[in-house]
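Heads up, the thing below is written out as structure tokens.
The first chain written gets the first letter, and so on, giving A, B, C and D; residue counts start at 1 in each chain.
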């Protein structure tokens, strides 16, 4: 069982997540893609944890999960707020910070 | 005399050592009056008088001790030479090696005041113990100040007291007259706004005069000289409310300062000539011993002569003295008759060898000093004829008498000069105080022609004392004036049988003319004030006791003093004991003078008194007096109220009228000084200096300023704006254009930012992998 | 279940079975992810995310991190998916397919993702070419993980709790209606 | 005791600066506190100074005491080396005395814009600058303090001055700066030419002595320094900034300017120019003498033509500094001693004159001599103080002025070996004539302002009151010192003898070993 299997899996998922973030217009979908990226990272962590027979990989994975939870909470709150103001959560239209 | 005989040795040295107390007392009085005067019952006068009385007593004691010393040290020995310093050991002066106590040698106590560049404490000179090494002991520690140090870059000033015949005489005169003036002033200046201030400065004046009299070093002399000048400034300008008085004070001080240039330079020359020493003793010794070249001595003497001319009102610089009458009369009496004005004569006496050798008095026929003296005698006397103000008459008479003293000293008649100074102080002070009492009676006016006349009926005492003073001044025997004036004429050495130091014919003639003139103008003054009818408006009254008592004392002194220096001829004629002859000469003539002239070239001899000269001189004086007397007698007969002939000789004969006008305008000297010189420097010259300062120098600076401004503006406009700024702006614009470009990138699309970020991330990773 | 899987790994043939399991799970995950990103229906996307998350949990099991797998299922599937579904519901996504969920220039995103993937793949290939997992792999027992958390990582654990609290309050504040 | 040796001088110099910093923290409103802090700072400096003076070993006043020598700017190896010796001691004492008095005087005399905080801070900075200059032993340190003094004075004149104060302050600043630029060039030239790689004065002097710069090199360097110090003195042609600066400066400003700032120039000559460049000094001495003497007469004539009292006093200090420079030009032992005494005496006397001028201006609101008059009637005590000070100023013996002028005249009679004696004797005569002119313009001033009746304009003006308490406190010490120094000049001469004779040696063995005819 090659370590690379897991790392390749993580990389692919990561890239799909990135694609998701870059192309999706819907705020929630973008959050989902971010979740996907975070999971890719977790796989890497656990893989290396197992590879090195060291628990820190798993512990960090847990922390990442917790943070991800927090992040989704806040992200959704913001998305809902935008939705309430603009009736749509299309990311492209929220460009007030245009230079 | 009996007191002294008892513990003569002890008192003897204590008095000499603590002679500095005499100036110190009035000085302390000055400080006390200044601070506490206002609060005392009669506002400070009592402190002044107390101090001057104690000083006077001390002075009298010192005088008697000095006379006692002279009497003990044996007969008047002509040839004694060595100078002895108190403290026992006699230091043979390199004049002659003769041992033994010399009669009348000066007693000098000195203490080191401060040193400049003293090499005593200079580490490099190692432990060479010289006189300066050990710090000078307390007061009264006597040590020779010149320590025989060869190369003397060290310049240590010592301050001390010099007691000898001349200074003792001056001590007595100054304290005596100052005491009388103090008493006189309590009445005269009574009620004045600045009563305390007046007494403070009177004490300060007495203190500084005594300080100068006792000074043992030329520097001390200068200090005293200038302090006296300041006090006269303050006292002349006592009523400085109106401009005239402060002008007079200013004039007096500035003329004195003009003379002081000579003093400063003269002293500097002597200082360096005497191998960097200020001590008068050293200077005198070196002058006599010939260590200082005749040329330097002559220049120094000339410079010091300038100082004498200004301070003692000699001819050219005398204009301040009559104007100084603006001060209160007691001040005039003390300062401008008895004490300050004789400071110059005193200095000549103190530094006599310098003048004696410098002007070559021995054997000469005329020298600068004699000439100036003579000129002043005649010049001053003539001016006295045309004065309306009684004090001005007396002022010009003082100028004339001072000229007399300088004349005497110029002819080598040292004792005669000093004796005349001594006697003149008394009768001139008496005359001035008399004039003060007269003016006191006529409501402070001094104008003889307008407010006086016939006062003998109203003011008997003042009249009597004034007459005695006038007689003494005119030189009528047996009063003091006759003896001293006669001595001077004898000293001229022109009259057959009086071999003086040289045949001074012209000065002798000046002397004789002055003798006559003095009698003449004094009779005029006396007539206008006391005889004829009273021209004033209210009833004059005799002054109070505090004025008349000093007058009486002074008048009696004028009578008695003459007999101090009776020539031996008269003594034999009146069959008095031999010891009485030439008392004054024994007392006052310092040992130095007698021994000044060991070298043949400057032989100093005493002239022989002659009876015939005395008779002729007196006749001249009485004749002149009588002439003026009946001139006015006839005028009185014509019209009692008139004070001069309407068609008198002067008005009829043009040259006489011209002469009269010249005299009126005081030889146009005042016009020359105030108008031309002072006005010139103050006015145009100063304005010219200021103009140059403002226009040329400031102009230059401003020009530099403005040109630099113009240059600056030029540089700014072309180089700075054009070149430098151009580049700066260019760089600025490129920056802003670039900015515009980049602005596009910031589209506000979060998505675009994410894409860019990830793109950059991939590029970065690629770089890391491949490049690194 | 993990013991079963591990027992099989110990033997040579066991490892081969584990690999099969892994490849199946990987395939499922990747397909689901791709579908999630490309589907036009928001709900379908969230469901596909569900599938991906469970596949990841399975991977953890293969790697012997059973506690992680358990938390993954509990937190991710339980909490976060529910939250996302709530989000979808609250933002009134239309039932059925929506139209323009993607930006028109999808290809830029694809290009960036692909290049990133290529670069990562190359570096992984370079880095861990022939590295094999350790043969004697022992499953990481949960109480060991717990000890680890509460001994060395106690500080991050506390910080995490603070973070969660802050996120909670933040979310409440941000989303408040008044 | 070791505190004094190591930190004493630095503490004394920088105490006022610390005071200034403390004042910065205090808000501008409560002026009383500012005045208190300023006073305390200057008094602390005074106390430390007094301690130093008492522990000063007067026997060896020539040697450097309380010396501190630490590295400061190593790259140009300028060292922070300071020390106290007999020559700078009187001047330091003068500064320590004058500044607290000025602060006391300004208790209720803050000039027009009235920002007491800034005003007092400037005075304190000035105080530090002045003290620093007098203790500096390193040329760079000297230059720094020399310039530090300029700035506060510029602001004092520029902000609190009279009508056209801007012109005066700019002129003052640029003029002095122009001079000190040349001075700096000379310092740097000294540093390079002697190759001694140090700025310490003593070493430089030794270095110049040892391998010796050539004669005209020294002359050139001395020229640069002459410009720098000459302008500050001020010498004759460079003096036009002084009258303007004084007329426009506030009272406190002109007192400090007159009392101490002018001394920096002369002190510079005596401390730096003479010992380090003896041959240059011999070349320049006749010219300095000439300018000094012209300055005396020119200053006096200037005074006679003035209508403004302060401008008159300013010109009088040009004349007085002429005497001081004449003393220095003779290059003899007691010429320089006289110069130092003259500096201190002039500082006290002219400081007093400016104090009185300030008070007159504060009462009459004008210094136009024509309009003044009758001071002795309306303010008798102040009138008498003016009288005593003008007497001291014209050089009356028994007061401090005399001992500054007379020894200078005396020294001019036989100057140092290398100098032309007849020339210096002419200078002496002219200087003596100067004393008469001095008497003339001072007594003329005294007569116009003090004597006579008060002009009707001010006759019954209630504002004209006699001396106030703060004025008394500020003036009495200076008056006492003027009188005491008059009677016992030894106070200063004994201290300055030793160091000055060290300079004297430089000239003596310089003239002996260069007997090969340096000529006039």
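Couple of notes before you dig in:
Quick note on the criterion: contacts are C-beta pairs under 8 Å (C-beta built on N, C-alpha and C of every residue); 3 or more make two chains touch, one makes a residue touch a chain.
Everything numeric here is computed off the predicted structure, so don't read it as measured data.
The central chain of the assembly on a C-alpha centroid basis is D.
Using mean Cα coordinates as chain centres, the one most removed from chain C is B. Chain A and chain D have CA centres that are 81 Å apart.
Rounded to whole angstrom, the centroid-to-centroid distance between chain A and chain B, based on C-alpha atoms, equals 113 Å. Chain B and chain C have Cα centroids separated by 120 Å. Centroids of chain B and chain D (each the mean of its C-alpha atoms) stand 33 Å apart.
Annotation for chain C: residues 103, 108-109, 112-113, 116, 120 touch two or more other chains.
In chain B, the residues that touch at least two other chains are 751, 755, 758. With chains as nodes and touching pairs as edges, the resulting graph is of another kind, matching none of line, ring, star or complete.
A complete list of chain pairs in contact reads A-B, A-C, B-C, B-D.
Partner chain B is touched in their complex by these residues of chain D: 59-60, 62, 171, 174-175, 237, 240-241, 243, 298, 301-306, 333-334, 337-338, 376-377, 391, 394, 396-398, 402, 406-407, 409-410, 413-414, 428-429, 432-433, 435-437, 439-440, 443-444, 447, 450-453, 488-490, 493-494, 497-498, 500-501, 504-505.
Put simply, chain B touches chain D in their complex at residues 113-119, 121-124, 153, 155, 222-223, 226-227, 230, 233, 237, 240-243, 246-247, 250, 253-254, 257-258, 260-261, 264-265, 268-269, 271-272, 678, 681-682, 685-690, 693, 697-698, 701, 705. Of all residues in chain C, those touching chain A in their complex are 9, 15, 18-19, 22-23, 26, 29-30, 33-34, 36-37, 42, 45-46, 49, 52-53, 56, 59-60, 63-65, 67-68, 71-72, 75-76, 79-80, 83-84, 86-88, 90-91, 93, 98, 100-103, 106, 108-110, 112-114, 116-117, 120-121, 124-125, 128-134, 137-138, 140, 144-145, 148-149, 152-153, 156, 160, 163-164, 166-168, 170-172, 174-175. Contact residues on chain B toward chain C in their complex (touch as defined above): 751, 755, 758-759, 761-762, 765-766, 769. By the touch rule above, chain A contacts chain C in their complex via residues 1-9, 11-29, 31-33, 35-36, 39, 42-43, 46-47, 49-51, 53, 55-59, 61-63, 65-74, 76-81, 83, 89, 92.
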